[in-house]
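Sharing a structure with you now.
A, B and C are the chain letters, set down in written order, and residue numbers restart from 1 in every chain.
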Amino acid sequence: MPHVTMEYSANLDAELDMKHLCEEVHGAVMASGLFEAGAPRVRAIRCEAYVIADKMPKNGFLDNVLKMGRGRSEEDRKRLGEALFATLQKATEHLLAEPYFALSLQIREIDDAFSWKKNAIHPRLRA
Amino acid sequence: MPHVTMEYSANLDAELDMKHLCEEVHGAVMASGLFEAGAPRVRAIRCEAYVIADKMPKNGFLDNVLKMGRGRSEEDRKRLGEALFATLQKATEHLLAEPYFALSLQIREIDDAFSWKKNAIHPRLRA
Amino acid sequence: MPHVTMEYSANLDAELDMKHLCEEVHGAVMASGLFEAGAPRVRAIRCEAYVIADKMPKNGFLDNVLKMGRGRSEEDRKRLGEALFATLQKATEHLLAEPYFALSLQIREIDDAFSWKKNAIHPRLRA
């Protein structure tokens, strides 16, 4: 934990370096101070087929979901969401400046009673 | 909002035009009257590796999730789900007629307290 | 139902046969005795762009979500999760043995009031 999954319309590949965006999202997540270095898993899923709003070919979307284990306060989660969304807005400034782009983010908590995990990276980074 | 994400087994590419299906889903969502023109983001995610039911090579699935902000009544959400599912059934009629296909849809609400969004398409369409 | 969606970093394609992994997951799900033969839909989603933990190129992740309809006891769901996670750990043993891999699983229930489905495979297998 945490996981960030970014679904996006394939036409954004011409406008955004998704690997770089993953790095910026990763940076915002770590800057919150809420997570261990071995924890974040940020990834993007490219959607080849899509239809957005009024179907203009230039229309694009980037929809982000951050899921995290329980245990952080509501205030911490709101602060995290605001900081991450600010990062996303800055990274897509050129897209938001034109009337063809929609950006979104949701944070979801994971029910620890129905969550299993094994992270082999943690021991290396805790050492 | 709303978002529709359609996960499907890659073998359906020979049976369905996913771009066209996105358009039909978009049409059903808009026909509900619950959303603004700038809101819907419908997309498909192709799953290259999959195993379904009794592992027959012809087995395929299309699993749809619609997520939307809170504020609509339970009745409105049920009506939306039924209309969207009717559209999906019609679009996959030829697949449902053979015993190798499974179709599903779920609607989920988004917790507005942990949701952030900026839609640059809205101002253009509201004008 | 049930659905298993496995998101994974693209670098794992060199380490894991995802089709085979889908089969092992399918086997663990069926071995629980909780589901009909026509029900399971297991699939993998390859994530081409990602950033994990300390950004080492060898870092990889496999994140699994099982969603299922309501009606099974908490005990049954825990037993299912433990058995499935044991299968996932065994299948990724060689990855977990090195400090560059993170494995995770969550189980989520689907709200039946907002779920629609039509499974054409069931009649064939129930016959």
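Going forward, a contact is a pair of C-beta atoms (placed from the backbone, for glycine too) under 8 Å apart; a residue touches a chain by one contact, two chains touch by 3 or more.
None of the values given here were measured: they were computed from a predicted structure.
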Legend entry - Chain-level touch network, classified as line, ring, star, complete or other: complete
Legend entry - For subunit A placed onto subunit C, the superposition rotation in degrees, Cα atoms, nearest 5: 120
Inset, instruction - Can you check how far apart subunit B and subunit C are, centre to centre, with Cα atoms defining each centre and the answer in Å? - result: 21
Legend entry - Where subunit A touches two or more other chains at once, by residue number: 45
Legend entry - Contact set on subunit A toward subunit B in their complex: 7, 9, 45, 47-55, 59, 61, 63, 74, 77-78, 81-82, 85, 89, 95-108
Legend entry - subunit B residues touching subunit A - in the complex, by the definition given at the top: 1, 3, 5, 18-19, 21-23, 25-26, 37-46, 67, 110-111, 113-121, 123-125
